[in-house]
């Protein structure tokens, strides 16, 4: 009874598709042009945001609508250290992550004192404060923001084409690191505790899993990644500005749509969601504001019909997760898998 | 033979993977006091909740005067004449005694029971009528819960563990009222863990074990050991 | 910063607190009764404002008549929204509620932008916006802010009476105490929630009526209103309507003082005061839960 079942064909096909996707991503600089790389880098950054929002909302029970705060802090820190401070740009990127992590710590005093939906609006209040505060910083161009000096950007490549390749590699690197390490986090005792809590809160509480500690870890985990994303966005957009770096629409609304439509609470969800988002944006962008209305209606429809999103629909026919985060007990246990 | 007031046939209630009731048959006639006894987890509360439309019925019929109550909401069932005194009283803590009682009146049928009747039946509640329910003792709360159900003018009254956590003196008072209700033609279905108390007042009883009826009869006709055996499933 | 100017601003801020209390009263009901935060709350206020705009500008109705027309629409709208949308996700976890209300917020904002354009709007009050009552000491009280403040007091008083002296109010308090018990004894909680949401719709309409005359608004004004309402509710203490008025006043005064320092400090001052007070006393000033 201990020999593993043969993996179902649909699961193998699904994993195969993921593998092909990964190879294409690695080969992208040789396959497509600068324009394509820009779109790809943008999508990869959105993917990172989606993975982080999914971690918080789908596993840690923190439905944040303020993660644009951390994105903006990362962007401004990157600009501050790199452009104003004259620090090595790569070091500036890392400092952006560190700054965001440091900023996350006091914000927990607000976030973890609010429950449920009040928490969500509380994160929004914090984000508003950050955005308004950023608009007061003269050194960063106050309300209008400021552009990255060319000399700074040239550090990442002499030509715009070279820069877009660098930006792409950075985005891809961040996406891979974010995805893999977050996946490992969910397979660790912390993560398993959270997944178990999501599935059966009472049992978890009695088993002594420290849920609050796990949620704090997740919250702090996302901060540096969001900050890194903010730095990369600054590099892609070549400027910082309150309404750009702290944009609710770009860094939270779209992200929520991606994750919800793709599937909250799974690792396949953000992948599917990002792909769907790409197509929606390509083809619906010309509709102007109406494409938001479509996105909104589709999201609400998804929540009402199949809360686990497109992946939830697929999961009805695919018997296993492609990227398993199930609660297998730790290896030291004698229990059957 | 006339139609029983309440007829339950083949009732099965399922919560997710757990089957709370399995093929339960019982009936209550107008003016009859029927007891349901059973250990914790035997399914007694699920039975009452199913009758009042609050638990999902997987199979079986529940009829009031021959009409199946399938598909009706709890609000409709209460309007049709079934009232529940829930386990644990379940009063509205911030509402006053009078407000709690009036809720019963607003969800029920027209009839002869009024606030005055309730205060005559439970005199000690009269001067507490404007106090929030949370300030009352357990026994007083139970009286309010009973009064709330009575104000709905039910034809069938369901009582879920009304003696739980109360001093014997108070329980005596409550159980003195039960026969007077039966004499007025109300059918009563009483769920209790206290076997002696409930069998002393009942015309008939059912014993539930793990979701099924294992014994039924008249208290006078069944020996104590038989009952105990079926209660514990020995 | 001269004292008379500052005093004027503070008086203004107190009165504007009334407007914030109007915004917050609806949120307070949905938070206290149904236990959820409607993220689209601010956008619904803006939606009704645009409805009033359409009634007054396109149909040329006088404002009081437009309000009278909008009130029942707002009640029915709130009822239907609760009964057929929010009810389906209540009790299913916060993720679904947040997502549905957030999605609704986005839909409303963009619908308004697509239909009315992005321009800022205002409804003319026929001069009442600028009328002031002079007081000794050089302080002037704006007539409209005073009306708004009085309306807030009247509304909160009316809601209080509704909740504590009517049968509907008793039912609403019952389901907010213990919704399972309410269902068990025969109350229909979906219907009672829907009525409560209808009442919220009425407060939204009243808020919109005053806001659209006193302040500029555009399709994206919703979130600011939501955040203000939310802060007033949390500051006042969840479940306390009078606390919400006090919360609104605190925010109004904070914003007024901020604006005195510099216009760009206005919003930030309000948020910062909220954060500081929240950190010191997270349960609010008059908590009932």
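Per-chain numbering from 1; labels A, B and C assigned in written order.
Just so it is clear, contacts are C-beta pairs under 8 Å (C-beta built on N, C-alpha and C of every residue); 3 or more make two chains touch, one makes a residue touch a chain.
Just so it is clear, the model here is predicted, and its values are computed rather than measured.
Under the contact definition, chain A and chain C share no contacting chain. With centres taken as mean CA coordinates, the chain nearest to the overall protein centre is C.
Inter-chain centre distance (chain A to chain C, centres taken as mean C-alpha positions): 33 Å. Computed from the mean C-alpha positions, the centre of chain A lies at a distance of 54 Å from the centre of chain B.
Here the CA centre of chain B is 44 Å from the CA centre of chain C. Interface residues of chain A facing chain C in the complex, by the touch rule stated above, are 57-58, 61, 63, 65, 109-110, 113-114, 116-118, 120-121, 124-126, 128-129, 132-133, 135-136, 143, 248, 253, 256, 260, 264, 288-290, 292-293, 295-297, 299-300, 303-304, 307.
Residue ranges on chain C touching chain A, taken from their complex, read 31, 36-37, 39, 85, 88-89, 92, 94-104, 106-107, 109-111, 113-114, 223, 226-227, 230-231, 234, 264, 267-268, 271-272, 274-275, 278-279, 282.
The part of chain B that touches chain C in the complex is made up of residues 49, 52, 54, 73-75, 77-79, 83-84, 86, 90-95, 99, 102-104, 106-108, 148-149, 152.
Interface of chain C with chain B (complex): residues 167, 170-171, 173-174, 177-178, 180-188.
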